[in-house]
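The two complexes that follow have subunit A in common; it is paired with subunit B in the first and with subunit C in the second.
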Partner chain A sequence: MRLRTNVDAAPGRSPRQAIPFLLPALVVLAALVLYPLVYSLIRSFFDARGDEFVGLSNYVDTFTDPRTLTAFRNNVIWVVVAPAAVTGLGLIFAVLTERIRWATAFRLVLFMPMAISLFASGIIFRLVYEEDPNQGIVNAAAVGVHDVFSPASQYPGARPREGYAATEAGFTAARPSRAGEVITLPLIGFSPQDVPAQALPASVPSAGDGELRGVVWLDVSVGGKAGSVDPTERGLPGVAVEAVREGKVVARTTTGDDGRFTFPDLARGEVVVRLPSSNFTLPFRGLTWLGPSLITPVIISSWIWIMTGFAITFIAAGLSAIPRDALEAARVDGATEWQVFRRVTIPLLSPVLLVVFVTLVINVLKIFELVFVIAPGSVQEEANVLALQMWQVSFGTGGDQGAGSALAVILFLLVAPAMLFNIRRFRRERS
Partner chain B sequence: MTLVAEEVRIDVPVSGAPRRGVVSRAVGRLGNGFVQVLLAVVAVFWLVPVFGLLIASLRDEAANTSSGWWTVFTKPAELTLDNYAELVANQAVWQSFLNTFYIAVPATALVVVMASLASYALSWIDFPGRETLTVVVVGLLVMPIQVALIPVAKLFGAFGLFGTITGVVLFHVAFGLPFAIFLLRNFFTGIPRDLIEAARMDGATEWVIFKRVVLPVAKPAIASLTIFQFLWVWNDLLVALVFADQDSAPITVALRAQLRQFGTNIDMLSTGAFLSMIVPLAVFLLFQKYFVQGVLAGSTK
Partner chain C sequence: MRKQFIALLALAAAAGTGACSGGAAGTSAQDLKGQTVEVVGPWTGDEQKNFEKVLAEFTSKTGAEVKYTPAGDELPTVLQTRISGGTPPNVALIAQPGLVAQFAKANALKPVNADVEKAVTDHNAAVWKKLGSVDGKLYGFTFKTANKSAFWYSEKAFKQVGATPPATWDDLVKTSKAISETGLAAVAVGGADGWTLTDWFENVYLRTAGPENYDKLAKHEIPWTDPSVRKALEELAKLWGEPTLVAGGALQTEFPKSVINVFGEPPTAAMVFEADFVASVISTNTKAKVGQDAKFFPFPSVAGSKDAVVAGGDMAVQFKDDKATTELMKFLASPESGQIWAGLGGFLSPNKDIPSSAYPDDVTKDLAKRVVDAGDNVRFDMSDLAPAAFGGTKGAGEWKDLQDFLADPKNVDGIMQRLEANAVKAYGK
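And now, the complex of A and B:
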């Protein structure tokens, strides 16, 4: 603070008068923070029930348990990726917002996630990444983009009733055909409700000279005869049909509204009729964001959403505290703006960047709620982090408070360097 | 951290007017228009997830399971407040909403009172070990709460506090104190010594100096602390997950049970999440400046 004076030079009159002021806070801190720290340390050397001294075996178990190792691995990923990403984004946006008039509004928007609970943020991102493209917007966007480049098929999952072999290219007829024949091609495995509205009742075409004709229709077995065109059954419009000779497509056509198709000019000889797989491919449903392989990146992205506003605001405060003279001096000496930024701004800002980074690392080590909420129960093992594992082992399914205490102590040791960092900074500032 | 608290006090960028700084010219070549568009896109990216949750909370179960919230742009008639009515009518959920207040209000008040008192002693009363005590408090700033979960659960069990609102409050007070003392001590030591000395000359007791001189000056710091602590407790899940039982659970814990079938519970979860967000968002928008100061200073927790 600007007004800070030397505190030690202004002592109160009697040490005893400090007691009533300090007592309430000290009692609470001693009973609920310091005593538990010591207790956890001792407890970590005892077994699950706390009866038997087991030495270091809880720690050995911890470092050999695959679940905990996964948690360790994920914590490492978090620490390596997330704080650096947020510090970088914070620096970029803090510099860029100096150029716009609505900087205040921008920072307000990005800071807003800090106000709401990690639990609520978790639900927000669970919804964002929900796998069903009718619920999660990321997959909806992915499907939208995908379908622009490869349009969705019209009859996903449908297949011929019999006599066709499923191959990579599509359903290929087991027997060859030739001009003058009529092919009936009943399809099944598709809901009548999904048949396009323009579909007309199916009818078998008459044989035509020099032409190969046929009909593709939805063969509803209920109330009709399997494999034959019943009066109520409709043709399937828009189905691509290919004629293949010696492995090469020699003709291609599409069924009409009544399901009929015709190959008009087939040269003499036999062809094999094939329904290309593009008719039937199941629609692209997006990625399994909340599955085992993508879950940690997904949760990290939600954390970036939460913390970037903090980094921007913090770094912007540091930027505005940089003395203008230093920058002007560099400019007078002929430095380009980029050089000023690299050689003057960044070095002057580095203490602030370090504080932001350390703060974010501490935050990342304690990450719990986001993993707990965003990872569905079935993939929580893959998304596991130490703080969550500690809760699960001690209070969740585990119920082993010896191992839980060991994890708590490990967590404490991981945070301890930050503790020393804070104390050293504090001491330095006082002297 | 000290530096943090101080820097924040010097400059509050969120509420200040944008400054055409010299650094900004470093990226001048990018072109202002491009920057404007880029930042606008980023801002939209930040808003869309929350907006989606809000819309989802205003659509019924059938709508939420069959189509995405963005279809609301073509079918705005689907919007309804039924989810909120249903949730508020649900006795357990409403009770958990109230519990969140019953936990957050005392946990905030106690921290503010205890930390003010302790910070005064650490700033203006000379006693042996003052330096050590201050360093211990700074060290405790980053203490992970996991360290205390098991021992305090045992302790509360012995005193009949496990599963009670009192227990949850006490735990929050304990882990709120280090930062609170740190923040207030920084502010208190910045009060001009003359003010304190003059009061002492007049024969004022420590209690009177604390009440009449220090507290009135420290209002901004206390406001930041109050808002930060209140939201910290309001937003908690882990502490309540361990120490609260069904009757004392806050809204985060109450909603947690719904998480198992996320896809079919979007209506209730989004509504519950939004209900729990209303208070923090209101506090954020109303007390922006104090909140930002508090969060920046308390980010190490």
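And now, the complex of A and C:
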């Protein structure tokens, strides 16, 4: 190419002219992007102190460390599940909200989580999934629904003091008894304050001819003797008691307000007394959402909540750019709404969907704050992801910035293909 | 304004003649005027205000200006950066003895002056001097300490079964079982935070294995597969291994929550073990009154062990050795400085010459007395002595291994092997 004499007439054609103008940007770029990038790469070949060249050993350590492997595994789960879910949900909401009246208001609400910092969202979800139903709303809902269908037992957690074996059916006496005997059945593991108001002081019934009698009471009091009915101890009303013979329940009764029960007409022979477990089932407390098995799905769900608004906004913008006549033509040709959506809308939207998806993949690979905030310390290892592991290795645990840099380089290599893809796409669109 | 200044001057003069006769022979009031000393410490909020009152006293005594920079939990990073940048503060208060040793070995610290050393020797048990020494030279002393050997209990829950504070570990297990009969869990454990669990272990280990083994294990001179570790874990399992004794969901419970579980409404447990700072969690988060509804008993003796205390603390060290810096170190090492903060509350000192009347209430008095009385049986928190990769990382090393132990207290052997493997990696030997 020949240079014209008048450079101003063709600005940008001369590299010599361009350099001074590009220089400030180049310097900033070099200082803030290129230098850290190259330095991290170099640093990753050195040991923790930074003065001994160790070759690839940081990378070898990284790929053999079980913590890092867990982080890899979790990152794979994240990449497979999260971006697809968010893109799908975004598409559904964008298409649905297009038709309704208050579309903008609706989208605004869905977009709002984006305005909250990831850190704050993390704290919100940490509380949402709290195990204690009095604090965590998810477990509160679960407990509420559960209790409608199977109400809580009367004496949750109570248990006989001794001499009874815990079986599936309930607490079964170790020794058999027969008519004419008196059974004393002390229970513990229950607060005296929670005993029903109608309960009366307990006392041992006298033996009855041909009857098996007994008393069930709460053997808990200050200075009380274990296993004996003390003056302040009250009977437990409404406890179901069963008499079992050869595996079959032959009689069933419940205790009175003083805790006494009677099996009036047991035939001759021995029976085993059993307290069915329905008396003592612990109240349903919901699930351990923040435990090791559910922690990654829980964090992903909160990320979906945050990012769906982002996907909706982009996809809705793409939707409004679709030529209406294409949709109309399909409808005129007799296509159903589903067919229009499937065969016309989605193909026309696919460039937007792809960009959204790839952006989300990049975002997911870098996920850090949510995991850091939501996972309690006890399950942080199970919830670990690469970015968090990188931070912990470099700064959290005595500062091995060599290994940390190695992780950073690996993370960069994972993100790079997605970045390149996006850049090429933008370029093609522009041309 | 002027009146106030004169009053302050008078006060300073009085204090100067009264208490500082030990070291500061040549320092009459105000002769360091115009000099500035910078102090970096971990305290923020109320603690910052209280510490600044201590520093104000120094200013009024000597005339030297003191600038306090709070660095919070990021203190190690802040100091590291400032040392690399060539602008260290004059004095820093560091909670990790390992970091002090690291700075001392890098020649960033100045050994303390002879007067300060004398004050440290005079006012503290020998164990504290040892803690501040690196390669035979004294670099610092513990200014503020934490008594990490306290069981806090709900008076109400204890009354319900007529229990009294147990003196031995077996009694503790017995009392716990009695409490569990009332349907309440005996102890709340803040297992989501790993450091509470290391404190549990350290207290039991210090008692079952003795201070010598404790020192060895802290330096990893004996392995974590040592029989003494097994013994401690087995004792711990006597309590942790009974599902009715430990409040449910311990691994999802953070430390403040574990305190609220005992003293809040409704309570789910009767006791919580941790340091003196539980008291401040109780008073800010619950209606319970410390000393009335919430009391403490010292960590019980295990198998006849003597009184011992696991302590944490912030060590004062100096990066410069000009006159004003040395004077400030001297002031911080004297009982006088600690006495000011002690009166303001939320402060314990290993300094045995701070009169117990300086502390504002009986509970604090007792907590401070136990640290002083344990004398050379005080040991610094082992996990703070260990490399951070082992003793101070969320979800890794000792923290994670003890969390796994809490989840499955039967697995003593497996946990010991994991602890040893992680320790080998972190200590590099």
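Note that the second predicted complex is superposed on the first by the 370 of 431 C-alpha atoms of A that agree within 3 Å, B and C clash if a C-alpha of one lies under 4 Å from a C-alpha of the other, contacts with A are read in each partner's own complex, and residues count from 1 in each chain.
The working rule: contacts are C-beta pairs under 8 Å (C-beta built on N, C-alpha and C of every residue); 3 or more make two chains touch, one makes a residue touch a chain.
Because the structure is predicted, anything quoted here is derived from the model rather than measured.
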Item to check | subunit A residues touched by each partner, larger count belonging to subunit B or subunit C | outcome: B
Next on the checklist: Looking at A:Pro192 after the superposition, I want to know if it touches subunit B, subunit C, both of them or none. Which is it: first, second, both, neither?
Outcome noted: second
Next on the checklist: Quick check on the superposed pair: does A:Leu29 touch subunit B, subunit C, both, or neither? Answer first, second, both or neither.
Outcome noted: first
Next on the checklist: Quick check on the superposed pair: does A:Pro201 touch subunit B, subunit C, both, or neither? Answer first, second, both or neither.
Outcome noted: neither
Item to check | Partner chain(s) touched by A:Gly157 [first = subunit B, second = subunit C, both, neither] | outcome: second
Checklist entry - First (subunit B), second (subunit C), both or neither: which does A:Arg67 touch? => result second
Checklist entry - Can A:Gly238 be said to touch subunit B (first), subunit C (second), both, or neither? => result neither
Checklist entry - Given the touch rule stated above, what does A:Gln380 touch, subunit B (first), subunit C (second), both, or neither? => result second
Next on the checklist: A:Pro283 in the overlay: touching subunit B, subunit C, both, or neither? Say first, second, both or neither.
Outcome noted: neither
Checklist entry - Is A:Arg101 touching the first partner subunit B, the second partner subunit C, both, or neither of them? => result first
Checklist outcome for this item: Dual-contact residues of subunit A, meaning touching subunit B and subunit C, are 130, 132, 376-377, 395
Checklist entry - Tell me, which parts of subunit C touch subunit A in their complex? => result 77, 159-162, 180-184, 191-194, 244, 248-249, 251-252, 254, 387-389, 392-397, 399-400, 403, 407, 426
Checklist entry - Once bound in the complex, which stretches of subunit A touch subunit B? => result 1-5, 7-13, 15, 17-18, 20-22, 24-26, 28-29, 31-33, 35-37, 39-40, 43, 93, 95-120, 123-128, 130, 132-137, 140, 305, 309-310, 313-314, 316-322, 324, 327-328, 331, 337-338, 340-341, 345, 351-352, 355, 359, 362-363, 365-366, 368-369, 372-373, 376-377, 387, 390-391, 394-395, 401, 404-405, 407-409, 411-412, 415, 418-419, 422-423, 425-427, 429
Checklist outcome for this item: Within their complex, subunit A touches subunit C through residues 67, 130-132, 157-158, 188-192, 194, 219-220, 222-223, 285, 288, 290-291, 375-381, 384, 392, 395-400
